[in-house]
Structures are given as structure tokens and as C-alpha cells.
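Common to both upcoming complexes is chain A, partnered first by chain B, then by chain C.
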Partner chain A sequence: MEAPPVTVMPVTGGAINMMEYLLQGSVLDQALESLLHRLRGLCDNMEPETFTDHELVYLLKGQQGNPFILRARRSLSHPTSPWHLRYLGQPEVGDKSRHALVRNCVDVAASQSLPEFLNEMGFRMDHEFVASGHIFRKGAMKVVVSKVSRILVPGNTENTERMSLSYLVELSILAPAGQDTVSEDMRSFAEQLKPLIHLEKIDPSKQRH
Partner chain B sequence: SVRASLLVLFVFQQREEKQLETAVESLISRVAHVKNALSSFIYKLENEYERLTWPSVLDNFALLSGQLNTINKLLRNEKTPAFRSQVIIPLLLSPDRDEDLAKLTEQRVPVFSHEIVPDHLRTKPDPEVEEQEKQLSAEAVRIGPELAQKHIQALNKLCSNLLEKLNNPREDREGDASAVRQNKASFNPTDTSALVAAVAFGKGLSKCRPPGPVAPGHPGQGPMMSGGPTLQQVTIGGGSNQQAGMGGPGAPQQQGQPGKMPSSIKTNIKSASGSIHPYNR
Partner chain C sequence: MGVTCVCQVPIAEGKSVQQTVDVLQKKLEQLGSVKQGSFCVDCETYHATGNVVGQPSKLLYVMHNSETPLSCMALFEGGPYLVADANFDVLMSKLKSHFQNAKGHKVESRGSRYRYCDFLIKVGTVTMSSSARGISVEVEYCPCVVPGDCWNLMKEFMQSFLGTSVPELPSVFAAKPEGLFAAADCVDTMTQYLELFNKLRKLQIPGSNVR
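What follows is the complex of A and B.
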């Protein structure tokens, strides 16, 4: 067996060097309807889209000791759809001039045998969850309002439990590296959702404790 | 005295003519302003609609309405003679192309012929408009005066209600704000942190294996493992044994793979209580 490609930055340069710009926030259940109403008004005129996804997070422990993380997602509402494999790089949050969290992002569509393939490569599943909610778009911006549920029995997506009494709200844009102007658009969009919700650049490592 | 009064009349007529001339001139220049503003606005709408922002559209509307207001003021001015009482008579009609006329009208009216004069010197509404007006007045006659009165009253009531609402928007808005205040916060920062941590590295989610040496989530983010009794890092020299390295850290599987370059496997076992985290290196 070939050695797995264990490196922290797998894709640099080339056509797929995309960055994800991200702002996060949450909304309490009782304010969800107001938020959805406002988003329907602010976002592109389109059919309201809902989703139910099962995300499995895989780890591969590398030679440097840094675990390598891949996220596999599948739609529970459309079981025949392809799986979605996503790599997310280290978040860059330090730059004050940027209004959003920025991280390297690689998206790949995959077949249903993705879990076996990852297992064969040496990846091990670390945790899984079910996210269900609504998607809105405004130009390049994507707004996902989702309920996060933990899975009580591993692998059984029927048996779940709500994480909290709030919905997670994520505003994101995928853009080639260096296009920091998009974070301006995101900030002004986030302004329009105040005071209902506050979308912020949140450093995940600070939430660890 | 007849001569004198004729002279006065003549002078008076001359003055009136001059007034009319200046009034027409200033009207023409004002209309030209409106025309320029309109054409530049139309140009923007047709060619720059992708970059056009709503505030600049509003600016354009404001400019137009200002210019139209000036024209209205000019027409209402005492010094402006009543254009209504002026009569325009077509003196010469010709089917031939008139270059001067074409130039004057920016190629819009190239000939001053029998065909177009009735349209351009028309003082009544267009035939279609006239037709519509006729229909409307016919309908108005058909409705009895009582019913009409009722309609008028209903419409007046609607309008006054609407006006009242428009004039007192503050009360309503304050009512809304207080309602929001009553509902308290619509979000909870603690929930935000919990949800972000959950999707970022599975905090609070059911782990698929017991919390142990393998650090979940993003690397290099400070010491986060306080649970496991031991931390162990496996470095594999040869590629053939990687499965062992990936295996559950609780079980030292690398020993369960005999005969496969054991010398290339280096195992470090460190105490987790130590302040040095292996992933920080």
C-alpha cells in the first residue's frame, strides 16, 4: 500500500486553491421564523431550500503528529445524491483587516463507497452529526441555518438528539485566495441581520474549552 | 388721441411679444435640461444597470422631479404669459424633407407634412385616450349618484386611514421595538460557541471511540487533551505499517504486526499530564 498523502496543506496553487470565508452565529428557536423571514427578503428570489445532512468527520494521524481531517457528508433527504468530501484548512483569524474567518477549502463529490475508501486509506471516523435546516443564497454568498443533532447510536441517523435550543447560522463565500473584498460584502450583509442575530468571525480553537 | 392710443397699444403688444419670447426661451432651456437628465438616466439604466445602485437611481429621480418643479413654477409665474391663449397655426405644409426642421428636432421630425402635423399640433388627447375617457365617463353616468357618493365616502375613509398610519409611524415602530424587547434576545452567545465547537471539532458530539490520545479537531491549537492517561505518538518509517499507526491508540497494534520491519517503528510514550503537547511541535 502506498503511503497516504499526509500533509497539512494538500492543495496549494493550481485552479482549485479556493478559500472559504466564514461568519458564524446562532439563533434561538423562537426567533427562527423572524430570521427566515428576513433572509427570504434579503436573499435571492428562489425556492426555499431545506436539507438534512449526515456529516462524518474522519481523522488520519500523520507522521508529524498533526491529525489530518476530512469531512464526508451525505444527504439524508436525497439518499441517491453523491457524497460530499470536504477538506478544511487551518482557519486564519488573526488578520484584523479581514472581517471573516478564512480557510483553505477543497470540495469533492464522491460515490457512496467513500467511507470504505477512507477506512482503507487509514482514516478513522472521529465523530458524526446530523445537520438539517435551510439554505439561502445571495449572489456568491451562502447562508445556512441549521439544527445540529448528535447521533445517539453510531451510524443510526434516525436516533438523534438536539445539540442546543439554537440553530447554527453560517454565512460563507467560496473565493480564490486573495479576494478579500468578499469579506466586505459579508460584513455588510451581516449588518443587515442585526440585531436579530450577530454573525461573527469565531475562532474555533477558542471554543475548545 | 386715436393715434396715441394706437401707439400705446402697439408698444403694449411689442412688450407682450418680448415677454412671450423670453418665456419661451427659458422654457426651452428648462425642457432641454430635463431632456438631458432623462437621456443620461436612460443611458445609465440601459448600459450601467449592473453597477447602478438604488441610491443613485433615487438621485436621478430627485433631479428630474426638481427640474419638473422648476418648469411648473415658471409656468405659474405672473410674468409668464398664458401659453394657453396662444394659437399656433400651420402656415405651410410640405411633403418634402426639411433639413432645418430635422436638425432642430434632432432628426425626430424630418418633414412638416399633412400626415404628422395633426399629431404634433394636437391640443386634444390622443384618440385612444379620448376613447378611454369616453368609456370612463359613460361608466360614471351609469352609476347612480347615490352609489357614487358611497364610493367616494369609502375611498375618503381609506385615504384618511392610510394618511393617519403614514403620519404616525413612530408609535407603531416603537410598539414593534418594545415587542422585540419583550421577547428578549433572539440569540444566545453560549449556544453559538457550543454549535461552532460542535461542527468544528465535534465537541459535545458522540465520539466514535473513547476520548484518548488522538487529538480530535484542528492541530496545533494548544493543549487540549486532559483526559487520556498516556499520549503516544507513532512514527512509521516504512509505508507498509501505516495501518498499525492509524489503529486505535489505546491498543499498541504496532506490536501486532510481526515481521514487518519492526526496526523502523519508533514509539514514543509520554505522559499526558506533561505540559508539552506532542502536536505542538
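What follows is the complex of A and C.
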């Protein structure tokens, strides 16, 4: 992402547990303009921000259990910006009536040496893709509308192929653990986007591999 | 961020670590340096757990410098490094089943920070598990980032208060492909501290049972 949401919390190692609240949906290419128009009206007044990011997903296989997954993202439109390393935990199983997917999230900004460093740690790249699109903000909420493209030749971000005829839409908030009221705000915002798009809670572990 | 040189100062004959530090600080004050707060540089060691039997476990060092409080530096000795923000520590705690923190190996250098014109001098006591192991002195010449352009000046300045303990040009600068004319950065400082900490870690304290 170009700019992760800014929090006013002081960051001290290990003291703050941030959770990501997420709702996802998609729109066909033909409906993109209407969605962007609606989002421009509903979201904070700011210059429309587009982005083109290259994301690499790394796995660290341990002796037992599931591999540890880390996502490394860099901006192709701002090549000198730091890399954004993200760890996402398992979705919290809890209140079924909770409106959004909740998972632990750790975001780290890192220097350009990140891929080499991750390899030295034992991580191996599993897959990579290019995501490009638009980003909107409403208070602490972030709405990202992106087209995901497959990279045909490993490491070559010029040569990509669109994966589908639709755009992925993600509504997310980063908040400290325990602030469940944010999912209410997200649900009411998602209501305003219907019927253009239905944003819902999609559990990644239920996806087929 | 300028060019830094980190060196070890031997403990004076018949004196304790604290007394030697006091002597150095007095010399700096006599020169005209002004005390500007304190500093702390620390280093934690992590072992990779999932290694093939017979291969030595890789050591990952995670270091912090109070001069750059929002950053965290991770290094493999002689290998790749990473400069990240403070959340990297949180990520390492998530990785605890893959990388174990060798808690008894945490080394830190704490002390006072002095400013003399364009120089920043930090005299610290290096401790490991609460026992003092030695003294570190860091001298930074702030206006310049190219070691080749200011090393002679730094050496002359260090002679004025370190006397015969003046170090040679740090090997971290000479080892770069562009040599002494490549810009210095925070990783060079931390690499020097790591070398110093590893040297002191291996030192036996007379009369104590150190593994």
C-alpha cells in the first residue's frame, strides 16, 4: 500500500496488539466507474490516489504446523519508498454476529534489502503479483479498489496478465484489540455502497487451495 | 547522521570500569564538551531453530540505537542486514517458534552523550546480564558522511582524549566495494557495535564462571 493508516498510538515493542477488521467484495470492470464515483462522494475529500504495488508472499516452513506467512509489498510508482512487510494472524473465531473479519496484524516498514534478508532468515517466496488501483479514506477506514495481475516471468513486473475481469474491493480498519465498535461503522458504510457492491466477511481459511 | 567510529577502551590499571569511565568523562569536560543526555545501544541474539542437524545455527542480531529511537536494525554477521521500524520487535515475538531469543546473551552499552562542536561522543559501559564487561567509545563527526574525507580529523580529535587507545580506521568502511568514499550509514555504526559486543562477549571475567 502507498500509506498504511496512521495511528496515534505510541509504538513500543510488543505492547500494542493491532487488529485488522476487513470486509471484501468485487465489482466487474464495467461497474468500476460508478463505484469510484460513489466512493468519491462518500469518502474524505482528497486528491484521488492511485497506486501500483508489487507484492511477494513468503513462507517459512517450520518443523511442524502451518508455514509462517509474511507479505512484502513495495510501490512500483515510488520505487525509493520503504518496503511494507505485513504479518496477518489467523482470523479470530468468536462472535458469529461480528460483521467483519478480525485478525491480528503487524506492519513493519523495511529497507530495500528486505527480500535478501528474508531469504537469509529461511523464508522462500511462494508467489507474487501486481496490484494496481485506487485508494480512498474515510476517517480511519480505508477502501482499496484494485486489479490483481499475475506476473508471468518471476521478478518481471512489466509483463503482467490480468487475473479476472473484475476489481477487488477491500474495506479495512486497523485498530487496537478489543475495539469491536469499528465493525459497526464498517457495516453502516458498506450499506451505503449497496447495491453497487456487496461487501462481506470472507474467511480466507475457507477458500479452496 | 555522520561518520562514526566505535572503539573499545581498555580498563585502566588498578581501576574499575566505572572509574575509567569517570576519567574519560572528566577529560571530555576539560576539553570543553557539553553533556547532552544519555544513550543506549543494545543487541539481542536470536537462534534459528529449524536447522539441519550438523549445520551451525544461524545467529540473527537485532539491535537498537537511542539515536534512532523509531528504528530497529537486524543483522546476520557478515551477511544481509535490514533497517526496519520498531514494530520489527513485535514481528520477532510472533516468530518465536522459528527464532528463539537467547535472553542471557543480551548486551547493551549505556552512558552519557557529549557534544563538542561538530562531534558527538558517547562513552558507555558495556554490560551483559548485569555484569560490566568493558567500555565503548563512539565518536561521530556529524557534518560529513564520507569516511575518506574526515578520518584524519576524527583520529586527531580522538587522540586528544583517548591518548594511545586511538583505533585504526574501522574495517567496515574499508570492506565496502567503493571503499572509503562510499557514504556511511547507521548500519556501519551498528556493525561496529556488534563487533565490539562479540569481542567482549567472548572475554572471560577473572574469577567468575562464564560459559
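In the analysis below, the second predicted complex is superposed on the first by the 191 of 209 C-alpha atoms of A that agree within 3 Å, B and C clash if a C-alpha of one lies under 4 Å from a C-alpha of the other, contacts with A are read in each partner's own complex, and residues count from 1 in each chain.
Assume contacts are C-beta pairs under 8 Å (C-beta built on N, C-alpha and C of every residue); 3 or more make two chains touch, one makes a residue touch a chain.
Just so it is clear, the model here is predicted, and its values are computed rather than measured.
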Inquiry  = With both structures fitted on chain A, tell me whether chain B or chain C touches more of chain A's residues.
reply    = B
Query = Does chain B (first) or chain C (second) touch A:V148, or do both, or does neither?
reply = first
Inquiry  = I'd like to know which partner A:Q63 touches here: chain B for first, chain C for second, both or neither.
reply    = both
Task = Pick one for A:F189: touches chain B only (first), chain C only (second), both, or neither.
result = neither
Request  = Kindly classify A:L114 by the partners it touches after superposition: chain B alone (first), chain C alone (second), both, or neither?
outcome  = second
Query = Of the partners chain B and chain C, which touch A:S34 in the superposed model: first, second, both, neither?
reply = first
Task = Scan A:A131 for contacts with chain B and chain C and give back first, second, both or neither.
result = first
Task = Please indicate which partner A:G122 is in contact with in the superposed arrangement: first for chain B, second for chain C, both, or neither.
result = both
Inquiry  = Tell me the contact category for A:L85 with respect to chain B and chain C: first, second, both or neither.
reply    = second
Key: chain B versus chain C as contact partner of A:V106, first or second or both or neither   = second
Note = Residues on chain A touched by both chain B and chain C 60-61, 63, 65, 122
Query = In the complex of these two chains, what residues of chain B are touching chain A?
reply = 180, 183, 185-189, 191-209, 214-222, 224, 233-236, 239-240, 242-243, 245-246, 248, 278-279, 281
Residue numbers on chain C that touch chain A, as the complex places them = 48-50, 58, 60, 70, 72, 74, 76, 79-91, 93-95, 97-99
Footprint of chain C on chain A - complex, ascending = 11-14, 16, 60-63, 65, 68, 85, 87, 89, 106-111, 113-114, 116-117, 119-122
Key: Partner chain B, residues of chain A touching it in the complex   = 1-4, 8, 24-28, 30-31, 34-35, 55, 57, 59-61, 63-67, 69, 90-91, 122-129, 131, 148, 150-152, 154, 163-166, 168, 195-198, 200, 202, 204-205, 207-209
